[in-house]
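Worksheet: one structure, shown below.
Letters A, B and C mark the chains in the order given here, with residues in each chain numbered from 1 onward.
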Amino acid sequence: MSLMRRDAIKLLGGIGGAASLGLPLSASAQAKRALDIELLGFALDIHVPGTAAVFEGIQALPGYAAPKVARIDQIRTLTSNLVAGSTEFGTPGPTGIFGADEQGSDVKIIGMYYRNTDLVFVVNTDKVKSYKDLEKPENAVAVNGKGDITHVMLLGPLIKNGVDVNKITVIEIGGSGSRMRALLSGRVAAVPIHFDQADEVAKQGPYKVFFQPWEFYKIWINEVWAAKGSWLKNKDNARAAVDLIKATTLAFRRSNRDFNWFVDMYHKYVTLPDAKTATPQSLKPFWTQLSTTMRAWPDQNVLTAADFKDLMPLYKAAGDITGSIAIDQVVDSSYAEQAMKELGRQGL
Amino acid sequence: MRARIGNRPVYAASILLGLACWELIARDLPRVILPPPSVVLVRLVTDSLSGLLLVALAKALPAMLIGSGLALAIGIPLGLLLGRSATLSAMFDPVINAVYAVPPVAFVPFFIVWFGLYLWARVALIFLMSIFEIIIAVETGVRDVRPQLIDVGRAFGAGGTTLAWKVLAPAISPFIFLAVRIGIVRGINAMITAELFFAAVNLGFLMNDDARRFDTSGVLSIIVLLALLGLVAQEALKWAEARALPWHVRTS
Amino acid sequence: MARENLVSRTRKVGLGLAGAAIALCVWQAIGMRLGDALFAPPSSVIVQFMPQLLDGSAIDALAGSLRQMVIGFAFAYAIGAPVGIVMARSPLIDAIVHPWLNMAVVTSIAALVPFFILILGTGFWFRVAVVFIATIWFVMLTVYQGARGIEPRWLEVGRAFGARADQRFWKVMVPALFPYLFTAARIGLTHAIRAMVLAEMFVIVGYGALLHNAGLGISTAPLLGLILLLMALGVIVNGLLVGASRMLAPWYEERARA
């Protein structure tokens, strides 16, 4: 089949799909809609396309004005806001959403803000020579919040290497900067921090990356797009969800192919103190890592219940869930699938 | 005296009225945002009776007692010194004001480095959060002691220590009481703040755990517990001040 | 007289600078031992923070944040100070307000901020509310303490001389209250600034956002630079308050110079 015909079929499929979901074909062009979005407070290299989609991508789609964006310091607060319905879309970690839904909240995970994570597990090699050393009470591990993605991500490799997770001393220190300094001053023995921070930390002493989640996990989900289920039942809101994922995916695709665009967006949106002066040469290795090795920005941006199958036991081990809820009651891939249909090969 | 006893019912009525307002507002809001006081109070009583809250409180208090104690022990003399010496006050008031202006949360990363994550870090934060108001209260009070009072004392032949005990001390005791009240108040406040910013233990741990599970009643029950503690502590102090310094308290 | 004042004021500034210099030396010593990653010394701070300071971005952010802080503070003072006075003079009002004052002043703002975000969102009113709640109790408490100590005798003397109630208020009470009104403004403004920054750190806006982001980098120098700027603000604000008090209540300064 010729390219054009394949696209035409996909387009028709997209329209048909939209009709079957009861969605309007596009956002109402009359009043431009400003979405209400909450993001986390910091944006690093992995967040670049998602953040660009929020601040620029959505309003490039017909019917949308610049969204109202709030940045929240703590994942827990953001998740609470979603549960309470005081924001329309948010980018929490999945663990909190599963936990909330077990308690009767009705928040749906509809897509990825990015795939994988740029967090790595760094240990003080003077104190921790093997995984088992983490069981010692004097070797504390500092995470962002107990049970959140920074905590759960550690459990897979730890369990695999025979560590009894109940014996590990886990401390909550909000903020990767404080965690970094806790490690450097010897107050804790191991921390999850971002991979560019890890490079800096390694220069300061006996600190090494013990593992990188993307090498260990077949698929790891960090920040997801989420919204309240009851709110999504409204046709216009469902439309907005599809468009949000479309904007995100377009940004992913562009990021994968257009390094210069990535650099521009990095300068604009990354929240590190020296982000504006980062040179393309310094960013290239990170970009290659994210785009190629980690596949952090999938061209086909669909998150399904199956993706979480292997992660559920870890969420349970971290105490986030009791396992009483079915994954597909939380994860709703219909919006993402619709978005892929409508996008077709656009942006590729 | 009669007026004071007569006001206890008003005091209690005010609390009840506030609780009633809370109850009404909470009716229209989802449980996860604001549970009604009935739920929170039941939770408070249940968790207290089971020992959960009281054990956590007992473990949290030492940091507060040490931190506030140190703040009073250092702050009161410092306030006296700065109040009496124009030179020292000119030298160190700016530095003190400078550190006072910074929110304690900004110092947390540095406290982690210097004091670690546990007791001594919390003590340091509680100390930091209490000492400035103590210094200011005492310093202002000492400056306010009218020079005439001192002159009169001297005219009657009072020398150094007599002057201090019989003239200055009574004049500044209200400020000392104010400083102690502030120390305790800031101490209770800082006690829970520290447990949220450093390694979450005791009450801070319970609060985080409840927040994580969207258990807003649990979180509020701890806040209410601390509020009640503060209420009782301050009323006790007020009573003590009335006994010790009857002339200062206006009776009408 | 004026020349005396100038000399003593210059002396005061000189002493203040001396005190600051001592503090800076201590900081430099500790900073050099611990290093940039843990506690950058002033020398590093100057080098690494200067660009941000000079391009004005830090000061712009601070000015923007202050505008919102001032509104919260103004509300808190305008309500807190009169209520404090009334509480001290009327046992009935005292009995109504005091339990809430006692409970509110021990409650940690940091613990309440997530609630505020849920109910008020993350915008202007959220930040004004946090500043308001953090400030009002201190203002009320300080003014209350002062008004409690005003001897009925003074007011009686005023009445004996035929002064009306409002004259008694303005000519007897307020001057006697002055040190407390001043201290309440001082403590109140400081807590207002601190609450403003705290609220901003939770929702990553304004000056709080700069502090939050600076904390992510490995060197503590930019963070300390921002903290230092905040300290300078505190000193300036205090200085302005003292200056204002000197103009409004010159007799207070006279009395204080024992």
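By our rule, a contact is a pair of C-beta atoms (placed from the backbone, for glycine too) under 8 Å apart; a residue touches a chain by one contact, two chains touch by 3 or more.
Bear in mind that the values here come from a model prediction, so they are computed numbers and not experimental data.
Visitor: Need the most distant chain from subunit C, centre defined as the mean of C-alpha atoms.
Guide: With centres defined by C-alpha atoms, farthest from subunit C sits A.
Visitor: Count the C-beta pairs in contact for B-C and for A-C, then report the pair with the higher count.
Guide: So, comparing the two chain pairs, more contacts are at B-C.
Visitor: Would you kindly tell me how far, in whole Å, the mean C-alpha position of subunit C lies from that of subunit A?
Guide: Computed value for the inter-centroid distance: 40 Å.
Visitor: Using CA atom averages as chain centres, what separation in Å is found between subunit B and subunit C?
Guide: 17
Visitor: Pull out every residue in subunit A that's touching 2 or more other chains.
Guide: In subunit A, residues 76, 80, 84, 175, 177-178, 181, 184-185 touch at least two other chains, as defined above.
Visitor: Mind pulling the subunit C residues that touch 2 or more other chains?
Guide: 38, 114, 118-119, 201, 215, 220, 223, in rising order.
Visitor: Check each residue of subunit B and list the ones that touch at least two other chains.
Guide: Residues 33, 109, 113, 197, 211.
Visitor: In the complex of these two chains, what residues of subunit C are touching subunit A?
Guide: 37-38, 52, 114, 117-119, 121-123, 201-205, 209, 212-218, 220, 222-223
Visitor: Please name which positions on subunit A make contact with subunit B in the complex.
Guide: Residue list for subunit A touching subunit B: 76, 80, 83-85, 96, 99-100, 103, 105, 140, 145-147, 171-175, 177-178, 181-182, 184-185, 187-188.
Visitor: Quick one: which bits of subunit A touch subunit C in the complex? Just the residue numbers, please.
Guide: Touching subunit C from subunit A are residues 38, 41-42, 70-74, 76-77, 80-81, 84, 86, 175-178, 180-181, 184-185, 197, 200-201, 204, 271-274.
Visitor: Taking the touch rule as given, give the residues of subunit B at its contact with subunit A in the complex, in rising order.
Guide: 30, 32-33, 108-109, 112-113, 116-117, 197-200, 208-209, 211-214
Visitor: Which residues, counting only subunit B, touch subunit C once they are in their complex?
Guide: Going through subunit B, the ones touching subunit C are 3-4, 7-8, 10-11, 13-15, 18, 33-34, 84, 86-87, 90-95, 97-106, 109-110, 113-114, 132-133, 136-137, 140, 143-147, 150, 174, 178, 185, 188-190, 192-193, 196-197, 207, 211, 219, 223, 226-231, 233-235, 248-250, 252.
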